[in-house]
Amino acid sequence: MLALFLREIRLGVRAGSGALTGVLFFLAVVAVIPFGVGPDLNLLARIGPAILWIGALLASLLGLDRLFQADREDGSLDLLLMADSRHMLALTVFTKCVAHWTIGVLPLVLVAPMLGLFMNVPPLGLAAATLTLLAGTPAITFIGAVGAALTVVLPRGGLLVSVLILPLTIPVLIFGVAASRGAVADTDLFLPPFLILTALTLFFAVIGPVAAALALKGAAD
Amino acid sequence: MTEKAIRRWIDLANPTRFLALADAMLPWLLGAAVLTVAVGLAMGFAAPEDYQQGITVRIMYIHVPFAWLSMFCYTVMAASSLGTLVWRHPLADVSLKAAAPIGAVFTALALLTGSIWGKPMWGTWWVWDARLTSVFILFLMYLGIIALTRALDDFGRSARAAAILTLVGFINIPIIKFSVDWWNTLHQPASVFRLDGPTIHPSLLWPLMISAVGFTLLFLALHIMAMRAEIWRRRVITMRRLAARRAEGEAA
Amino acid sequence: MRLAAEKLSGERGGEPVFSGLSFSLESGQALLVTGPNGAGKSTLLRIVAGLLPPAAGRVELSGAGESIPDARAASHYLGHSNGMKGALGVEENLAFWREFLGQPRLTPHEALEAVGLGAIAHLPFGYLSTGQRRRAAIARLLVSYRPVWLLDEPTAGLDRRAEQRMAELMREHLDGGGIIVAATHLPLGLEGAQELRMGKPS
């Protein structure tokens, strides 16, 4: 499994711009919003964490469609499927998800505080937003794996993955934003939504790979 | 251009000549750059402090050169794009690809130093003011060009694609600038390049100019170094492909 | 060890492509699956590999030891695609499969020497020609041990010399008690192999 993880990381780093594109998309989405809302720093500071979350959500959907499709195209997927008795397929999917998250989503979490500065989010809010992103975005990847597995046979599954996945990620978004708001606002609490968010991630870390493995087995042709 | 000058320009198209020239020039260029930057900054620190801004004004001596270079570098890249698209100069694409990351770093530094300067002045790290916003958009464009030059493995195709994107961006920059100006403004108006002469005091202007020249030399040196690395990288790729083909020949 | 198929039927996209196929192979035996395009050779191999469910009948493997429950776990599958990443080095690719598939045999370097690619082990896989890619994929069969080799057009894109080398490797595998099922148009140079001729479904 470590070998698979290392391979995925190497591929992500070497095959170039995948991770960079995700970060760029994130930057662009977040940068565009002030133009729509207007340069009112107070307003931006209030909606900043929500913007970060939506940006990260959209950016982490990018590239999800390639999660299994690249392996299918070069025949690796067959071999991963055949190794099921040695490495449980769900575990293989889990490893691929973790690698995908490390390469594609972790950089987003790392640039999030900097982008928060652009919107004048106070330091405490920044820390909370980053922490919630760190805890919540893996759930998006795990849910995304299911969509990626379902659309693996489709030649242009990219957009379809996003359409399938977005509604399923809404709970993650709700609790992520609620927790980051709770850290700054006096009336809301931070810990309860944050714990629910973490629970969601753990929950989907199990459900996602198992469902994706099922879908992959069914998709073989 | 005289015929001799033209021939020299064509000679430069040969990467080997370019490498030889680069090797000969680099130490001098780097030395001159470091020296000029040092003199400029030293003079900057000797210059009087601003009565309003106090010591923070000193960050100007690096902030302004960085901001100037963020635009200069893009101009170099736009010229390189013309070189690729119009004259098909083989080094133009190398120049474009080598300049993009350097430009991105200078732009990031301009944003960073500006933000450090802005914190005590405006009380916040960032405002969505016209000047800052357009530099931020420029930064995004740099990153986009870098992503594009990395995405394609085939030199020829990636060269054309990057050149087209750079030129479209170059035409767009004034439009972005004006639209953002209209959107909002807080940054001070231009104070150095003005029709009625600079409004900035000479005791501040001189160190600023020298340090700008120094950083420009530094950029040129870095650019040549990056071009050299890019040429070498391409040679390694070509040689690897050759090795694969040669192995095929031996096996047959 | 015995690999057997009983009254196997396969379908592709809901269309039956073959039915009632049976064969039985002991250790050291090979089966050549021949027939025109569309006869279902690849489908048959994928069913044996456990990648597709059979429409009817079953594939059985017996006597391979307790750790290998079914034909899928006992098999190397070499399909039309090579299962290698263009961005990684040839040797890196093989090292990964060796680690992941388990039961290591040859080192990646030895395996590449065996298929005549020792000199370019460090190159990214994407730089290789079609024939070299195929040979690198064949090297995968050598880095980790599987008693059954399921080969789909193994020599597609190979030149004469590489074909002969492949035949030697297959004979070595059979001599070591292995089983080979190969779908092919071209003669593979395997003497004494059974042949299964598949025709167009009527």
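Some points to look at:
Think of it as A, B and C in the order they're written, each chain with its own count starting at 1.
Please note the rule applied: contacts are C-beta pairs under 8 Å (C-beta built on N, C-alpha and C of every residue); 3 or more make two chains touch, one makes a residue touch a chain.
Only a predicted model underlies this, so the values are computations on that prediction, with no experimental measurement involved.
The touch graph of the protein chains shown is complete.
Think of the whole protein's Cα atoms as having one middle point; the chain whose own Cα middle lies nearest to it is A.
If each chain is reduced to the centroid of its CA atoms, chain B and chain C end up 54 Å from each other. Look at where the CA atoms of chain A average out and do the same for chain B: the two points lie 34 Å apart. Chain centres here are Cα means. That of chain A falls 37 Å from that of chain C.
Chain A meets chain B in the complex at residues 16-17, 20-21, 23-24, 27-28, 31, 34-35, 39, 41, 44, 117-120.
Across the interface of their complex, chain C is touched by residues 3-4, 6-7, 10-11, 14-15, 73-76, 78-79, 81-87, 220-221 of chain A. Listing the residues of chain C that touch chain B in their complex gives 116-117, 119-120, 123-124, 126-129, 131-132, 159, 161-162.
Within the complex formed with chain C, the residues of chain B that make contact are 153, 240-241, 243-245, 247-248, 250-252. Residues 12-13, 46, 49-52, 68-70, 72-73, 75, 77, 79-88, 92, 95-97, 99-102 of chain C are the ones that touch chain A when the two sit in their complex.
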